[in-house]
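Here come two complexes built around subunit A, the first alongside subunit B, the second alongside subunit C.
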Partner chain A sequence: MYVAVKGGEKAIDNAHKLLKEKRRGDTQIAEITTGQISEQLTLAVDRVMTEGSLYDRSLAALAIKQARGDLIEAIFLIRASRTTLPRFGYSKPVETDKMELSRRISATYKDLPGGQLLGPTFDYTHRLLESELETDQPASQQHRGILSDQNSIDSTDVKSEIANEEQTIAAPIIPHVLDLLGEEGLMEPPSNEPKDHEPEDLTRQPLSFPASRDLRLQNLARGDEGFLLALGYSTQRGYARNHPFAGEIRVGTVAIEFEPEELGFAIEIGEIELTECEMVNQFKGSEKAPPQFTRGYGLTFGHCERKAMSMAQIDRSLRAEELGEQKTAPSQDGEFVLSHSDNVQATGFVEHLKLPHYVDFQSELELIRRMHQEHDAASPESDQQAKDMTTHEAAE
Partner chain B sequence: MPENSVDKTAQQKWMAVLAKADWPTLEKLWKDQRNNYQFQTIRKPETGLVMVRGRAGGSGAPFNLGEATVTRCTVQSSAGNKGNAYVLGRNHTHALVAAELDAALQDETRNGSLLEEIIEPLARMAASKKQHHREKVATTKVDFFTMVRGED
Partner chain C sequence: MSEYNFAYLNEQTKKMIRRALLKAVAIPGYQVPFASREMPMPYGWGTGGVQVTASILTPDDILKVIDQGADDTTNAVSIRKFFKKTAAIETTELSEQATIIQTRHRVPETPLREDQILVYQVPIPEPLRFLEPRETETRKMHAYEDYGLMHVKLYEDISQHGHISTTYAYPVMVEGRYVMDPSPTPKFDNPKINNCPALQLFGAGREKRIYALPPYTKVTSLDFEDHPFEVQKWQASCELCGTSGTFLDEVITDDKGGRIFVCSDTDFCRKQQSEKFEEAG
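Moving on, here comes the complex of A and B:
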């Protein structure tokens, strides 16, 4: 148990000064800006937003800078920051079939309605270091082009530039691959609960077991990527038999719709980037119904593909009980997975061991000394022999 | 104009365009017109959170995915129209301008010209940006061929 301590203020102040100095590094080298982090370390920002459970690119970039690149520390900072803000309400569920895609792939069908788009991916790269990235490139002088690569934002220019552009309509609806299988009756429905089910909220109530699917998905969405990756990997290696296919992975932007109480109608308040993964898993049937594939679902903020895939694997493995499977593996144990997935909780508990535990340890120390005394008193002879041995060894 | 334009009122459409607008452009476009109006602030720009929801399996029951920062603001125009804005992020001035424009657009005598000079250009700009993005992504469209396996 941690007991509060006093004193050490000066040393703590100085340690924090030293931390600032370390964070800045060699002052001969230009300071990194949050804009650079937000634009160029995008996947770090995406991870901090996802696991920090707060979509705000510039706040995540600031947290990464402040945390010296320690992403779990950055996630901690984001979680702390969100507690200072009021909650306006809940959005309408995002419609991922209307996503403005920047990537969409399927490992189950090569010819998908809507096509496969590789988008910006590390897949199929040779994983060789690109030495030209070691040379700094100067910033482009042009304004970041919204209008193709036009650079002016003078209002008259804006009007004339875009006057001739055809207005394009909304992104076409791209059906989910798993829903295509569903139409053939080969895939189970996306969830057992109805579409208007009111989900529970982890930020408003503590986790209790057995946890509902919506609570599990919320927990997994903010869960640690490394933890979920390892557990997902374990399911593929045979710890929970549910061989997955990546039915579909899509990355892109969706509109967020929110209905403010005072307005009484829903409005679009902006767009966010999401990554979605739908896994197809082994089928299940009964005497009454022909077999159907089962499914697992992953959804993250930003572009977090590995995380979305792992989440989908674990969403599926945690459905073991519901699907009548034998629970034999850690990834099927809801209490184990959900209690240990949160890296802020995990790091808080592990790292608190660094804080002074003097009182606690003193009592342990007293206990072990007393046990030694009792032991010595009970068997003086054997103890004498042991002492002789020690003296003998020391002499050598 | 904006996305999902089916079944949406004109106000929902302009509010969506304003919320999603490229901020420097919106600021520039409004600056030219702002002096023609007077507003009273009802609720100063305030940043808070909206919990974003997803659906299990993409189309099933809802779940809470995570929060997003949102800034809201309410103003009243001298004509008595209340303007509201909810804008993703923490840009207070963006929320203020969006609320002012929401109020101004409710004035029927001004609505037409504001739509033409501010909302439509912003909508076209967003559409053009999307089109540009789509064209780039389309270059990565892939056709895989399945090879016949070597073994019997």
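Moving on, here comes the complex of A and C:
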């Protein structure tokens, strides 16, 4: 007998209860705190802030906890929360040459004004599991206690060393590597836009094509790290090949300045951590531009180096048209890249296939039955088959 | 975090959406780009419809939400709850009672009135999208009224299968100007969209488009003189209310090929059942 499929409401409530339980896991194990997440899963927090498009470490940590560590879900939570915030205005452009650096490397020069600073990086670690991390370290009263434990250096030494290093590196202005090339006339200017160009904002205006470079960069900055990584990779493997050099990658904090209308001058309202990547690309020249080095630009919140580098590769490949290059690969196709880079959009639409489609499916079912019958009626062996079918059905 | 502006969106955003809605009503069938926001439900799950509803909702409105014609499908429940929570408005399952009906994939069987608004959730607003994936191209095609590609597609269907093989999201012509996607409603519902007394609003969140059909807009399903448009018909009638002539869902009852048909519109079905019960009683 037919049982009506009712009780959607109750099912949802129960599913939410189960989710809550699953999120908490074994209650014998202490609950993870958002403080632990924002201090110890920093790179996850950085990614959620970048792709969530909202610089708030504690909200990002909360989102990661709530999402059970599913970063795309966490990004989604942040985006939805961001929607409710009214827009007061736009900050002044951040000045990354005044960045207080924690890391700065260039693959194009051995040494350069401002020096190379490795900073906290996985780059030269051997990827061997460190079993000592399995044992929980109790919280320490001392700042940077873990560092001092490992290196048996007094923590104050480490602190002062870091401070010294920061002092020598954090000279007031560290010039961008690419600008050094620019002085020689071998590098195109950072932007071809006029100085007073107002950047567009795709969260306030729907994206239309062809998109300007500032819109493309905004889209890429919010775009999925994995998607950009794969596309960037494809440009290194011959799809729109354009060999990039990592001209400069810098990570550090910059001041955010905002000019309230009633005040008439800019005030500093806080600091944020950024990762900036500038790629240098060969360019043999075209009808539109002379032979010179060209740029690709990447910028993220926090420390998202892989993302910033991929973004810079794709920024460059999307400039194909502007530079008069032949468009042959997906990474050069603005409409393709920008329409599919957003993981909140992508995951929503892919996962919506879980929603009921009874009605459309019923319509298709009716059509396919009809076409099936017509097909059988038209084919010569169909008579025998049809007879078989009817006798079979009659037997049932 | 628990306090939201009425219907979640801030007033700036609602204003922006209302402007897009006004433009959409002024140019029936034209897809108006709008700065769609991230909503707390996923893209593809009705964010366009939710934003439209949030922007037109007033505290006096009575909201009905359906998915596949039913009030109790999970996503309909979830959206109804969302508005109960963020707007504290009254909700209903009765089509007659509602002032706003948000829908996915169906037009209610109960005829709509002038004082009602039907809000559609639209996944892909562009009827030409599967013929031409580029937005830059399809916008031009609409601008030049260049719909040859669509007619060729329908013609190819007929030459291959003997009939047009589009069963849902069946393209329509609005007031002789714009070809429009009525959202993935079955073509069965296309006649109800034509000359409808209610205002019909279409929201596509992920694709950032809004379009509209003002009351009594002429909406014709694309066809050919020798292959006129026709809707699906069922041999069976509804197992629960006995009505024929409604859109029926097929329900598989066992693993031996047993199946029955029931109305997809649960409110309509319930009404028919109670009327029959009264007649009998």
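The rule we apply is simple: the second predicted complex is superposed on the first by the 334 of 396 C-alpha atoms of A that agree within 3 Å, B and C clash if a C-alpha of one lies under 4 Å from a C-alpha of the other, contacts with A are read in each partner's own complex, and residues count from 1 in each chain.
Basically, a residue touches a chain if its C-beta (ideal position, glycine included) is under 8 Å from a C-beta of that chain, and two chains touch if they have at least 3 such contacts.
As the structure is a computational prediction, the values presented were derived from the model and not from experiment.
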{"item": "Partner chain in contact with A:11 - subunit B first, subunit C second, else both or neither", "value": "second"}
{"item": "Touched partner set for A:260, first subunit B, second subunit C, both or neither", "value": "first"}
{"item": "Partner chain in contact with A:87 - subunit B first, subunit C second, else both or neither", "value": "both"}
{"item": "Touching partner for A:203 - first (subunit B), second (subunit C), both, neither", "value": "both"}
{"item": "Chain touching more of subunit A, residue-wise (subunit B, subunit C)", "value": "B"}
{"item": "Touching partner for A:295 - first (subunit B), second (subunit C), both, neither", "value": "first"}
{"item": "Touched partner set for A:54, first subunit B, second subunit C, both or neither", "value": "first"}
{"item": "Subunit B versus subunit C as contact partner of A:76, first or second or both or neither", "value": "second"}
{"item": "Touching partner for A:32 - first (subunit B), second (subunit C), both, neither", "value": "neither"}
{"item": "Which superposed partner A:213 touches (first subunit B, second subunit C, both, neither)", "value": "first"}
{"item": "Subunit B/subunit C common contact set on subunit A", "value": "82, 85-87, 203"}
{"item": "Residues of subunit A touching subunit C in the complex", "value": "1-2, 4-9, 11-12, 76, 79-87, 203-210, 335, 339, 344-345, 347-352, 355-360, 362-367, 371, 374, 396"}
{"item": "Subunit A-facing residues of subunit B, complex", "value": "1-5, 9, 12, 15-16, 19-20, 22, 24-25, 28-29, 31-32, 46-70, 72, 74, 84, 86-90, 117, 121, 123-125, 127-134, 137-138, 140-146"}
{"item": "In the complex, subunit A residues that touch subunit B", "value": "49-50, 53-56, 58-59, 82, 85-94, 96-98, 100-103, 105, 110, 115-119, 146-148, 153-155, 158-159, 162-163, 165-171, 176, 178-179, 189-203, 213-215, 217-218, 221-222, 255-256, 258, 260, 262-263, 265-272, 274, 276, 278, 295, 297, 299, 301, 315"}
{"item": "Touch list for subunit C against partner subunit A, complex", "value": "1, 4-5, 8-10, 12-13, 33-40, 42-45, 47, 67-69, 72-78, 81, 104-106, 123, 134-136, 161-162, 165, 167-169, 184-188, 206, 208-209, 232, 234, 239-240, 247-251, 253, 256-257, 260, 262, 264"}
